[in-house]
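Across the two complexes that follow, chain A remains constant while its partner is chain B and subsequently chain C.
Here is the complex of A and B:
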């Protein structure tokens, strides 16, 4: 009798244990619906893998930004005594017409240049889509990406000078009074044009990779419905490559705020900075901190870098939101 | 993540450098000694293969042989001063650097980062003379004051800004001494379809020499313009007169048709090819255009013409020389070398091999710079733009003057815009 007496509670305990384990499993399953061995391994290796990258990121990206923020509250020439200015550098920036002009030029490159790049890239993409040897053309178009912007700056200077090849050709086709390409009034236009020219191949290549994923049947169906070239572009190509366009737009936003070398070479000369009408925010930051011909001010330079960072971040976030669409998957 | 990291990268380019500078920290300023040290470090503004570097190399070799002092030289090139600041913060700055005074002033001298090199002036050179006996006093007295250093530069090369022309050009029968004589030559050149004044559109700092000289000749002062935070100083009659004289040059077409769209060095090469009559530039011009000079071209130059007051004849002087960062340790040997290089035998190479003018009057200048050297020797000395802050010069004077020089505005428009720009500049500076 003793045995059943002891057996029953043991059974009950075992049953209770089993129920508790089931309940735990259920709760666990609710929290982690797919807990495979692989995922458990991944969880274990998450921090060991992330930590080195995180440390580097904090050390080389976050820390300099924080340091830059602190510097922006001071006046410092990089060598002498640092004097505190509080937040005075920020209103001073916006009182400086050179800085506001630099922001406008950055915006010009971003929006006007960007518009031109995308119109041209799509136009070339549409033309190349049905071309037989399009890969060869694609390589040729991509080539400018491999060339340093400094080379463009020098080459354009040689091509477009008053006695350069461009004017020589124009005079031979009867244009006796060609534009003053390198005149100060045309410098910013030329800078935008050269930036567009050098970037179009890169964006065409990316857009083409997106457009080539669109099944031909969509175009055939559109043609059967009587859609013309423009309607096929508008209703098939553009919406079905929207994800790629979004990525390109973000790339463009990032790259335009870094346009710097081209302006330095194209607008600058020995002994002088480029005309201030051509400065972008990156050029402003550089000139304020690293101009060897004048006293440096790392405080105002840091403030300008931070203001530019904030404005560009806002622009990128807005752009991302405006262009957000449901993801498309082709079967 | 790519977006974020790229933006962070871009925006923190400066900050990263600054962080490096700051963490490098703890710069030592111990200059107590090494009086007996047998070496010193020198970062040169010349690159290894330039003729000036070759002359210096030879001098260094002679110096080491004579004194046993080793010179650890690095041929850094024109951007050498960019590296001196960070090097000073990390205690690895050289004992000696060299550059023109207008580059050393804003980067090191104005902030009190240079050592006083006055003792060099009393060191012996040759022929029983001391450094102060062979370096003209006006070269040192015209230099702007530096914080904490009575003498902060030991000059070994001088340059001036003159009106260069071809001595064989029939249009220049007599070098113009007055502005009216210059206008007469320009009118004659125009009648013959020749450009009178060569100038590249992207050389605003060089075009400004015209305004600076005219302002000086008319009794005005660039220093007063730069120092007046209201901008009202631009209404000075001397400024208006100078602007009108420039307007005359532009409106009469003496600068040609395409000067407003050319890039350096197109116009100076054109001048060397005989396509224009005058170039107002530094005495480095003949060397730069040497390969482009047409056969028979005889380089001559004349001081900038006067505009009325016959006594206002000062010529610009640009001084290049040695300086010592505040953190220099091997002071004695370094100063000994500075004096050694000023010996006639050493400096002669700068003239004969590098085509430069030296401070010593007993070292003959290169033939094409004979006029410029005479100008430096005989005429009163002044500093271009009166050594106003380069920042103000570039942001206000060059930018606004360019509008006048390139024919985008008239004299009155320039005066008004420059006054406004100067006031904005100072307002932004807080």
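Here is the complex of A and C:
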């Protein structure tokens, strides 16, 4: 933020006078005749214009976090008396194999799924760079991210039935003993695969916006130096789109912690819960708080939700730390 | 290595994987399109047909799958609810977020930067953290006032507006920043007040950004599942994802109706795809806004 030159002497004076004086001076500066009428208008409308959005934000983001923090210190089924448990919910959570399993599944989506998305979307980006009809292709790859994942759950359920289309095709090309696609041991792999498939187009588009800004001349220079496709990727594309990769990694972290619909429908049923082996942290919170067939406990599920927020925060901070590079300007 | 041997070798090395890669990417595209077509076709087939011959085309279109989904599956009512909830929430969300985003994009105050950051941080808060407090708060408010918030459209819309704040404010702040200040200065010199200049000058200039924010919020609310699953309990207030989930659920007891289920899938999927076909690049730009530039 560039401070206008006129405020500089005011600042120096204020430092001598102390903080109260500084605040007074700043308010005084706001009334200065040389500030334009537009700026004055903008200053006057700041709070009235901002407040409605801010109120909604506080109601639906800040307050719930605080309230969850308090709920997580209690045991409560939502109807009866609330009993205080102190911090006991948190150790109990990590002793629950279903919760640690849910964290493991979220981790699987985050790291294994994330790795696949990274490799696939970078590969597609590099390929698309030289394709003439790249915009059409990009559109077709992009659309799954706009569709409710429930749809893909239903779709995969019919495609991979034992007598479904996939096995039908496999039989025709000579594989008579296909894997049990939707068996419980394979469900998580399928969930990761479908998530990766539906997200790849979105990340490809983001990466492309970064890669397209790299000047062609860099590649020509690299080629003249005898760099092959892999070396050009490793030493030109990757380092110069690193900022975009960081943003993608943070997007991916946030979105994997929210994965819910696909798991819900992959169990084949909503009346009962999907198999516990496939729960993610979002599913764990939902089942512990709102599944009518078991005892609900808002305390432990709030604790689980907070743990996922803490994990997102840690992951985002670590990602920024690990991937920090100096900003690159192409001129 | 001399230049003469290097060039053909390099060309071969470059061309082969590139052509192979392009083929693979085109194949992936074809798979995506085939899957779309297959879902639409399946929605027109009878259940027995689908099970007997998984790859076949519909012998005669079973339009009754749609009437069944529409009436007994409750997709008709759910479509109305989904339309209402997503359009209303998007309109209100943009109306609330636009003024906030505008002042955040123009202010020179320190607190402005912090507020922009605060809204952006909201993007990282997962829904499962918000749902329990919102559910409890709605239940309590309902007990004390006559305002129906659980199992009602107004409650759901309120939640969707709240949830839309981080992204909508973030997107629009970036958009307002890209608009020139000179026009506002001119309006101000002509004696337009702050509100008047915002409504008459800034908003029309920002029309494209506002429409993008609106459409993205419509799609977001259209697909939203967790909150409507928890907050809506009666069959009259269901939205489309919940109608689909219920349809799947019913099959456990009433036998399979694959055609009807895919009719429901098509009803959920097609409006979004149509929007994407019409507004493609604009939606992509909105969803990837603030990245890489």
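One rule holds in what follows: the second predicted complex is superposed on the first by the 272 of 331 C-alpha atoms of A that agree within 3 Å, B and C clash if a C-alpha of one lies under 4 Å from a C-alpha of the other, contacts with A are read in each partner's own complex, and residues count from 1 in each chain.
Note that contacts are C-beta pairs under 8 Å (C-beta built on N, C-alpha and C of every residue); 3 or more make two chains touch, one makes a residue touch a chain.
All figures in this text were calculated on a predicted structure; none of them were measured in a lab.
When both complexes are overlaid on chain A, the residue A:60 reaches chain B and chain C alike. Touch criterion met: A:184 reaches chain B, while chain C stays clear of it. Of the two partners, chain B and chain C, it is C that touches more residues of chain A.
When the two complexes are overlaid on their common chain A, residue A:151 makes contact with chain C while staying clear of chain B. Of the two partner chains placed by the overlay, neither chain B nor chain C lies in contact with A:238. Of the two partner chains placed by superposition, only chain C is touched by A:49; chain B is not.
When both complexes are overlaid on chain A, the residue A:275 reaches chain B alone and has no touch with chain C. Using the contact criterion defined above for the overlaid structures, shared-chain residue A:112 touches neither chain B nor chain C, since it reaches no partner. By the touch criterion defined above, A:313 lies against chain B and chain C together after alignment on the C-alpha atoms of chain A.
Chain A residues 57, 60-61, 63-65, 67-68, 71, 78, 161, 163, 250, 254, 257-258, 268-271, 282, 285-286, 289-290, 298, 301-302, 305-306, 308-309, 312-313, 316 lie at the interface with chain B in one structure and with chain C in the other.
For chain B in complex with chain A, the residues that touch the partner chain are 2-3, 5-19, 21-22, 79, 81-82, 85-86, 88-89, 102-103, 106-108, 110-113, 200-206, 258, 260-264, 266, 389-391, 394-395, 398-399, 402, 406, 408, 424, 427-430. By the touch criterion given at the top, residues 57, 60-65, 67-68, 71, 77-80, 85, 88, 92-93, 95-99, 157, 161-163, 180-186, 250, 253-254, 257-258, 267-273, 275-276, 282, 285-286, 289-296, 298, 301-302, 305-306, 308-309, 312-313, 316 of chain A touch chain B in their complex. On chain C, the positions that touch chain A within their shared complex are 1, 6, 10, 13-14, 17-18, 21-22, 24-26, 28-29, 32-33, 35, 38-39, 42, 50-51, 54-55, 96-97, 99-104, 106-110, 112-113, 115, 118-119, 122-137, 139, 159, 161-163, 165-166, 169, 181, 184-185, 188-189, 193-195, 197-198, 219, 222-223, 225-226, 229-230, 241, 244-246, 248-249, 252, 258, 261-262, 265, 268-269, 272-273, 276, 280, 283-284, 287-288, 291-293. Interface residues of chain A, counted against chain C in their complex, comprise 1, 36-39, 41-46, 48-50, 52-54, 56-57, 59-61, 63-65, 67-68, 71, 78, 123-124, 126-128, 130-131, 136-148, 150-151, 154-155, 158, 161, 163-165, 168-169, 202, 205-206, 209-210, 213, 223, 226, 228-229, 241, 243-244, 247-248, 250, 254, 257-258, 260-261, 264-265, 268-271, 281-282, 285-286, 289-290, 298, 301-302, 304-306, 308-309, 312-313, 316.
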